[in-house]
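A single structure is presented below for examination.
When the chains are written out, they are named A, B, C, D and E in that same order, and each has its own residue count from 1.
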Amino acid sequence: MFEALTPDEWRAVALSLRVSFWATALSLPFGLLTAFALARWRFPGQQVLNGLVHLPLILPPVVTGYLLLLTFGKAGTVGAALDRWFGVSFAFHWTGAALAAAIMAFPLMVRAIRLAVEAVDPKLEDAAATLGASRPWVFATVTLPLILPGILAGAILAFAKAMGEFGATITFVSNIPGKTQTLPSAIYTFLQVPGGEPQAIRLVLIAVAVALTALFLSEWVSRAIARRIGAA
Amino acid sequence: MTLEIRLAHRFKGFSLDVDFTAPPGVTAIFGRSGSGKTTLINAVAGLLRPDRGRIVAEGRMLLDSDRGLCLPPHRRRVGYVFQDARLFPHLSVRQNLLYGRWFAKLGAGAEFDRIIDLLDIAPLLDRRPGALSGGEKARVGLGRAILSNPALLLMDEPLAALDEARKAEILPYLERLRDEVRLPILYVSHAMAEVARLATTVVLLEAGRVLASGPTLELLADPATAPALGLRDAGALLTARVIAHESDGLTRLEGPAGPLWLPHIDAPAGKAVRVRVLAQDVMLALDPPGAVSALNILPATVHALRMGEGPGALVQLQVGPEMLLARVTRRSAAALGLQPGREVFAVLKAVSVAQENVGGGPSGPMARQGPGG
Amino acid sequence: AAASLKTALDGVAADFQAATGHQVTISYAGSNQLAKQIIAGAPADIFLSASTSWMDEVEKAGLVVPDSRADLLGNQLVLVAGGNAPAPVTIGPELDLAGLLAGGKLSMALVNAVPAGQYGKEALDTLGLWASVEGAVAQSENVRAALALVATGEAPLGIVYASDALAEANVTVIGTFPADSHSPITYPVALLTGAADEADRAFFAALSGDAADARFAAQGFAILP
Amino acid sequence: MFEALTPDEWRAVALSLRVSFWATALSLPFGLLTAFALARWRFPGQQVLNGLVHLPLILPPVVTGYLLLLTFGKAGTVGAALDRWFGVSFAFHWTGAALAAAIMAFPLMVRAIRLAVEAVDPKLEDAAATLGASRPWVFATVTLPLILPGILAGAILAFAKAMGEFGATITFVSNIPGKTQTLPSAIYTFLQVPGGEPQAIRLVLIAVAVALTALFLSEWVSRAIARRIGAA
Amino acid sequence: MTLEIRLAHRFKGFSLDVDFTAPPGVTAIFGRSGSGKTTLINAVAGLLRPDRGRIVAEGRMLLDSDRGLCLPPHRRRVGYVFQDARLFPHLSVRQNLLYGRWFAKLGAGAEFDRIIDLLDIAPLLDRRPGALSGGEKARVGLGRAILSNPALLLMDEPLAALDEARKAEILPYLERLRDEVRLPILYVSHAMAEVARLATTVVLLEAGRVLASGPTLELLADPATAPALGLRDAGALLTARVIAHESDGLTRLEGPAGPLWLPHIDAPAGKAVRVRVLAQDVMLALDPPGAVSALNILPATVHALRMGEGPGALVQLQVGPEMLLARVTRRSAAALGLQPGREVFAVLKAVSVAQENVGGGPSGPMARQGPGG
């Protein structure tokens, strides 16, 4: 059971990593922006945005996947437009899996960053402004470093969630080995057949190892930051 | 550089309504706790947008609520020393100090080394601000603001957390900023000694209103406003010119009020200085006293007399063309028959003039007294 | 019971309830989940599975009342297409499935895990078509999701059960797989050892009654003797 | 489509609410404790605990559900023990659905609270201690109020997640109407049958409405707190 | 109550190593910024666990690292006024003030009203601390610590953010605490005037070491330690007893050094007070001066003379059985032929004795000078 990974398993691991990485990386800027908008600004429709962000958490994943299919699919309005204008296609492609994972993980990321933003003392930002830093610079040099623990927490939640996401992904982009078959899809497949458990467990252990590695890395970075800010 | 400030702002339970012009030099904002000093300074820095107001710094319009203009803080070029230091916890002390320089496109230069040296923070440079002591934080905050190359300095009790010795080192530097760089400074302080030494102008706030404002010399020598500034700090300023440094450590000065001997003043002969003489340090005598330890005995004429509510009286004296203030008991005033026109002798000990009470004239060079006493 | 049977089975249960007054509680989930739950001690009385293999598992665990197992329903495998009035095809070894796909995906349920996918793959293998489309197969979690891919135009063609295709307006059945191209599609049912009372047996019997047959047939299932 | 809810729908809504409420409420103390342990204490096995907490996020829900079934099911070691000693049974009961939801939501709750705990200034806790407050009192009167926004964020994430949880729930406690059929399970069932979509959409809208109501309530409370702490 | 403190602790770049005993009353911790004052106080409060140490407060062992004993902060019953106010942001000002009382099982009683009144914070009671001014925060922090009914008060620059008028109101209250409640107080301050008035004992810290420690009277009157405390603040304390309040607002006192007239002192006749006379406020004369405004002329004998590095000299005078310190220029010292044994007259203006320089004796009642001057 602990022999080396088969090529198929390798492909699933690599794909899962790729999907989770991009889902996390590309949703970070949006997550930051949304968290900021929710924590700091007041605008009409703020609560609508807030609700929207939480939606993937509330909806069963298959529903989210189905909605994604309707919007970002070949025939979907957004999907068609993206395909026509930018040549970006999500259908049956790993990018679609990344999109699904990103959307499923988005509420987790936004909440974590938002909590951190709300904890930042605006007086420090004021101080930076009097020293000549414009809004974007204040953000880059003061706010951003101060919310780093929150960003890290958000990113790791998103990454872990992306590693485990399955329902929305398989509904949206189906399960094509090597293209959209992530670890969870593979696990699911094994669980569906009698006697598939040992293989499923193998994959589960792999997924857990990968995600925990990322988690511990993030903890380590986060402590390093805390130590730096804390004292000495 | 002139600074015109007109502001009106309301908090629940407090309203600020001020209108004054700060001439070049240091303008001290003086007032009791809660009188609106920080609020005023915040508005100048752009951190508070007042309900109404107009702030012009040498022609640069920082705020004009009538025209809907409000320059954001980062474009006002103010250096703000906060009452709470507000150091960036994620940056080292060095990075904190250089933060403003980065935006002013200046690096750590000779200026940097000088400030580090002056504030004695070299050993702290690589530390994070988190575990600094109160006074260390204050010094770094002071350095950060000064190093940001501001066009206007706002200081909210910058020296309150510092010991006297440290203060005595930093004050001459601030004087130099005022005089050499000709940096206008709004200076909040409760310490009248600092105010009297640094400030060209004093604005006295009470409950958000300007109670009195004007040149420091006049306000401090005016028996009418002196009680509001604190009787202990009442006193007048004499102007004088350094004549010679004598061998026993004294400096001889000559001013319109007459000759003065003071503990060594660190200014070259010929330089103009101003000397603050506290009202309580002036003794009056009808005849020139004989063998006493006081070195300065100035003939004077009583110009005005103001009886206090308690046992004291403030006596305004004409000494040559200048005014001196003396605080005596009512009993002594009666015993000496003090009344306007009366000729007396003002007796003044050289050592009474504390180090921080001698400073460069508002537009002259700085003057510093040497160590020891 | 398997989730895909919900509409028909709810009707059967309602009829039964109206007739006997006995309350029927039906838990719909994936056959694999149900089987595992039963093995883990779920208080179930009757198991209606969408796959024979999971029924085998339950039987192996000794939870099936001997001789109660029966194949209740059957189904057909069809090729569906989206879009406007696609031309019907005949499904046989000579079918140019890859050509029909024209670079698109063939939507199926998981070919290794979900029965509909397993039957589909088997059929394509038998017909010698699997190799030509293997790379183009998009596998979904279940038949409904596979059907949805065709219905939304994401995939041009799909292989699903006839019962599922029936109700979806946006797809057209363009061909039925020959019954001999795959093992018979059956929905086995069995009384479980936990079942105690008469009511359980009564409902078990009602499942193969005429009224039930009508309901299942209306949903496109084949009634097995 | 917008007619009143059918009794079955009512039951699903009521059950979902009950499950989500208890999942959130009962996991709060554990969430608090875990967040505290991870943020403040240093003990051997801390990173193991940290990994464990994140596990439900990483694992595909069906795997979590399956593990729950094996552990807390009738035949499971823990489940059997609980049943024997305390008469508590999770198997095929709504309590099991609550357990599944709580476990799935736990990482989200812990992260939110932990971020808040890390943002509390220990100097304030020191001040409370010098004023005579013992550790538990410091916690109750200073720490707890200060992390309230984080607790609220954690609770709302957990509640929303519990409202949407499906994979682990259906695997663990099946889908028994009135007993373990939550809204997401009901939605799933409708999506499985031809022509079930309109009913599924109805239920989705109901679920969204319920969860968003909770979300907006929490926002409102959280702003009230922020206003109180902020100024005036 | 006696407080024994022995501590050793190392930070990177700083080490504290002190050993002293604070007798009952106020012990002032005096030292430059960064000398370890806050660190020391934190260790007493239990907020810092020192590497090694022993702290005993009147027999109560707070810390004994040898025996591994370390009482947690909440069981030490210290009232700590923090350098940064550390108010609870989620509680109203009133709740902040009552926080400690709750644990001491005391409610808002008459004591509460008195403190509110004294600190002038009644209008703030229902506000949150977030938007208070610097001085308002300091006052609330002070009130919170005092109201917690402590057995030991630790004050880290409690009055630094306050104006002189406010200080003058609060100081007598602290004296009363010291004398009536007999609350031992560790008091960190840079203001020598406060220290001289309040403190029974002074501990002078430098770079984490005790440079000097002893009774305030002795340290301030000792020409050897005075320079370290700041020359401006050098001065001696005279003890005296209130004899009578005269109609012109002066109070007559009689002490071992002779009779004194001072501005009104708010203490009943017969009470013992101590009067701080700054060295720089004492003028020396060989003959009793004639018609001068100074009311107090005390015959004295030069006891010791210490020449400074600069132009000044400190003269220690024997006045009756007590010591007085005078600061004069070296030139005057030479001119007057000052040397031990020389008979002189010490001239002292009544008003020179500033309000905060008269206080109740360490164990006597408080004395307060009236308003006005």
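Here, a contact is a pair of C-beta atoms (placed from the backbone, for glycine too) under 8 Å apart; a residue touches a chain by one contact, two chains touch by 3 or more.
Worth saying up front: this structure is predicted, and the values here are computed from it rather than measured.
The chains that touch both subunit B and subunit C are A. Seen from the Cα centre of subunit A, the chain whose own Cα centre is farthest off is E. Using mean Cα coordinates as chain centres, the one most removed from subunit D is B. Between subunit C and subunit D the centroid-to-centroid distance comes to 35 Å (mean Cα coordinates, whole Å).
The distance from the centre of subunit A to the centre of subunit E, each centre being the mean of the chain's C-alpha atoms, comes to 61 Å. Note on chain placement: the centre of subunit A and the centre of subunit D lie 20 Å apart, centres being C-alpha means. Not a single residue in subunit C touches at least two other chains.
Within subunit E, contacts with two or more other chains are made by residues 84, 127, 131. Of all residues in subunit A, those that touch two or more other chains are 62, 66, 167, 188, 191, 232. Contact annotation for chain pairs lists A-B, A-C, A-D, B-E, C-D, D-E, with touch applied as defined.
Interface residues of subunit C facing subunit D in the complex, by the touch rule stated above, are 3-7, 25-29, 33-34, 36-37, 40-43, 142, 144, 163-164, 166-168, 219-220. By the touch rule above, subunit A contacts subunit D in their complex via residues 47, 50-51, 54-55, 57-63, 66, 107-108, 111-112, 114-116, 118-119, 149-150, 153, 156-157, 160-161, 163-164, 166-167, 184, 187-188, 191, 200, 204, 207-208, 211-212, 215-216, 219, 226. Per the touch definition, subunit A reaches subunit C in the complex via residues 62, 65-66, 69-70, 73-76, 91-92, 167, 170-171, 173-176, 180, 188-194, 196. Residue ranges on subunit E touching subunit D, taken from their complex, read 45-47, 72-80, 82, 84, 86, 88-91, 99-100, 103-104, 127-128, 130-131, 144-145, 148. Listed in rising order, the residues of subunit C touching subunit A in the complex are 30, 32, 35, 53-54, 56-57, 105, 107, 110, 112-114, 137-141, 145-146, 148-149, 152-155.
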